[in-house]
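Structures incoming, each one as structure tokens.
Across the two complexes that follow, chain A remains constant while its partner is chain B and subsequently chain C.
Presenting the complex of A and B:
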């Protein structure tokens, strides 16, 4: 039972991690927490749903269609909305992203309706047995993809010129501009990548949690918690945070039954305790004060 | 002289009677010589609109039919004013005040929602406005009995006790598990399921509850599996049930699943084969049932007034509610008052139009359907098992 709880927890945790990556990518370079992320993910995933069920296109087309939609959405959000309010304080831009999310939600409801929809697994087949525990093939895929993407992005930030430019922009916009970095372009690129990764996450998450207007937001809330736990600026941290959160959630079943309604709160309490001990999260960069 | 005096007195009495009559007429809100005004609060925008719009159309279909076929009731056409509250209780209070105080409706009929109705329940009772056929399962809608409030839909007592009885008495399950959603709906149902099980001397081997925002169900399913539950009662919504069934399928756990009326054959779309064999509750004939004259009439009329609208359980139950309203209006007679309308409803015995189990009211009992229909999901559809009246077991 314990082994199964941990493994199943890792499976849901990889969904949170997957979702957290795009969120962190945008935050890392723009310092904007994208409150509309859940809705952007939902919208892109619905594009895949539409290509699959309305137009009966192959899965691969739907998959890349969703990612293309995510990339485009990212560009539109940055160039179309945030550029207009570039002098606004960052906290106001949080609310702007929330507003964009609400617009997307209304449009999605109008086009695709409000009922919950099924979404196919990327890989089908009976579950796999590892000793006494069971895991879906799809879970392994999500786990692998989340890990691979986090490592790739980690390497990109560390070793490529683009990554260094992104980090420089994040650290000091003014100085980066003086060093000849096109900070506007970097921001747009981050948004496109971030929302595009959200779309990829959506296509992998929807088979497990289904697809409707609100489900991606529920996963996003967990993803934010996972990101905080892992250290908000660290991509490998998102993976560790996501997996840990998934396992912690599952282990709360050992709480007394009478306390069951407090399960979600308990997980957040644990996160606060972690942050009290390690303010930067598990793998985050030490908290420095910007002058 | 004497005769003239008598004529004078007679004329006076006649004038008084007329005045009295017109006062009585004025005292019945929403009723004029040629109309009866009925009001409702039904979400027609926002996330609940996909339920609310069919509800409006279903009720409107029957009122239109009565108006077109018989010119209304005793020469009075029915005017059905369904205002959109967006499923927001704050809006409900505003639209109901408008209906009662400005529009002066005769009654509130076919309103939608539990939280919305709760927000105006006391107000409507204090104003003495009859309410017929609210769409919701909550117990407060008909218990304790309120003189002016009548329900058709079964409540959570019926849904909960029926599931518990069926699991124990028909399925003979010894080890029963419960999974409920932590909201007003799930906790109320869990209360009645657990209470009924306890009455039958059965203690659930596991009761798990999950927040409405849950997206990961493995730990709950594992708990049920570990406890060895051979029958599991699901007290939540369709998507939760689908997620639980799929998780159980992955873990190779195959108990007998039971669910309330939130579960329909749509479950197959989300859960696939894992939905097979689940037993669910219902209380109205599937509108697409072949060789069923009443279902056919409903489908035909809905299509006449709202071409292209696909008949659903939502439009159907609203249509049935409207039938009950007009039957009571007919029985109340041409000199319509709210009291006569209520008295007429209280005489209903085994009332049905072929689409629901029989409904009886009395001055003490304003709850509608008690006997539920049990279905089993089979081969992508729902197969009728039996009618189950929990009050008889």
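Presenting the complex of A and C:
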């Protein structure tokens, strides 16, 4: 029972982690909390839905269609909207991402309607048994994709010029610019990568929670919580935070029955306790400005 | 002196508004007044003291339910219930102080979001007190024997409370406390080195902010006449945050403008069926692009001496008159 709960917690946790990484990529280089993320994910996932069910295209095409849509959305959001608001404070830009989210929601409503839609699983078939623990085939895919993404990102940040430039920008914008890094381009790329990753996660989440205009926002809130839990500046932190949040959520089953309806409250309470002990999140860099 | 004249004119206009506005518009104006108070509360905390919060709907809910229950269950007079709601909500503000003493920026924002989510989850399940998901009807407000049963009367009530809260906020901002808030926001360590107690002033900031939002909540329940847990969700917290940020961070007139704008925007858009959400979102983006520092930042920028000459003549005359 416990092993089962932990395993399925890890599966949903990997999805939170993927979403959380998308948020952090944007936050690290631009300091903007992207609260339109849920809607951007929803929009890209609907593209996959349309390719799959309207045009009957194979899954691979739908997958890449969604990711392409996410990448493009990221570029449009940064170049088309946020760059126009020169030297606006991040609180204002945060509101702009909310506004963009609303626009996307309206457009998605016109194109795909307002009702909830089932989203097909990529891999069908009976669940696997592994020594008393049941694993859905979809979960295996989730683990695989999440692991691959984590490795790819690690390699990118460690070995490629682009990854190093992104890290430099995150660490010190001014110094990075002086070293000849095009900080604006790095920001756009982070947006593209971040929203693209959200799209990828969205396609994997949609079969589980179904697809409608607002559901991805709830997933986004969990991703934000996971990112904060792990430390909002750390990618490994996002993975740890996401997995932990997924498991924590599942283990709330062991709460006393009287408290059972207060699941969300309890999860947030746990997060706050963790943060009270480690204010910068589990793996985040300590915050503290010099005077 | 000239400023006083301007305020006198504005006050007269507001006092005479019921003569030429529809009852429905007055209702929206009262509701906007409620949000002005809540936005002032958030601005004191976020704009001045630098503590992010996206959970203020929780305080709004506590204020609304407190005042409604005090009148409905305990039979307390209405005029007492609103300040009591403010005080009680102010005390619950200390709940957030616990994480706030350790956390900053986005980490604190998530803690406040959690607080808002907790209130939204507890309210409908505490059926004995709140009446559950169906919500509860709020008794009519009665002020010293005079029933405040029309939109006009509620408008005057809201207007007077808004003015009191605005004056209070201005005094807080101009006082030693306001300067301490700003110092702690801009340079936490330096301010502490100058002898400003971080703990004490953060506690003040959270109490005052929650107090304001509690008052707003108390007023909300009487203006709307009906409250239910579903109204006080994350969307409402974000609405108050948007009112503050679009109006202008750390600006009291900005809070008024932001709250008025976002209260009226949905009603201006009600004619555009199916387009509301699109235009609403586009309006947010456009305001951020063209007024990055909010409405009040925009006003300030265009009334700078060097920009003044480019303004049309009548507008320039007004600005110069106020400047004196």
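By our rule, the second predicted complex is superposed on the first by the 288 of 291 C-alpha atoms of A that agree within 3 Å, B and C clash if a C-alpha of one lies under 4 Å from a C-alpha of the other, contacts with A are read in each partner's own complex, and residues count from 1 in each chain.
By our rule, contacts are C-beta pairs under 8 Å (C-beta built on N, C-alpha and C of every residue); 3 or more make two chains touch, one makes a residue touch a chain.
Quick caveat: nothing in here was measured; it's all calculated off a predicted structure.
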| item | value |
| --- | --- |
| Partner chain in contact with A:109 - chain B first, chain C second, else both or neither | both |
| Partner chain in contact with A:91 - chain B first, chain C second, else both or neither | second |
| Partner chain(s) touched by A:41 [first = chain B, second = chain C, both, neither] | neither |
| First (chain B), second (chain C), both or neither touched by A:190 | neither |
| Which of chain B and chain C A:261 touches, first, second, both or neither | both |
| Superposition-derived comparison: chain B or chain C, residues of chain A touched | C |
| First, second, both or neither for A:1, with chain B first and chain C second | first |
| Chain B versus chain C as contact partner of A:221, first or second or both or neither | both |
| Touched partner set for A:29, first chain B, second chain C, both or neither | neither |
| Which of chain B and chain C A:210 touches, first, second, both or neither | first |
| Overlap of chain C and chain B interfaces on chain A (superposed complexes) | 109, 221, 261, 263-264 |
| Complex interface listing, chain A residues touching chain C | 27, 33, 35, 81, 84-89, 91-96, 98-107, 109-110, 221, 224-225, 228, 232, 261-265, 268-269, 271-272, 275-276, 279-281, 287, 289, 291 |
| Complex interface listing, chain C residues touching chain A | 46, 98-99, 102-107, 109-111, 113-115, 117-118, 121-122, 125, 187-190, 193, 234, 238, 241-242, 245-246, 249, 274-275, 277-278, 280-285, 287-289, 292-294 |
| Chain A-facing residues of chain B, complex | 47, 49-50, 182, 207-209, 211, 213-216, 218-220, 222-223, 226, 238-239, 242-243, 250-252, 266, 269-270, 272 |
| Interface residues, chain A side, partner chain B - complex | 1, 4-5, 8-9, 11-12, 15, 109, 113-118, 127, 134, 136, 208-210, 212-213, 215, 218-219, 221-222, 246, 249-253, 257, 260-261, 263-264 |
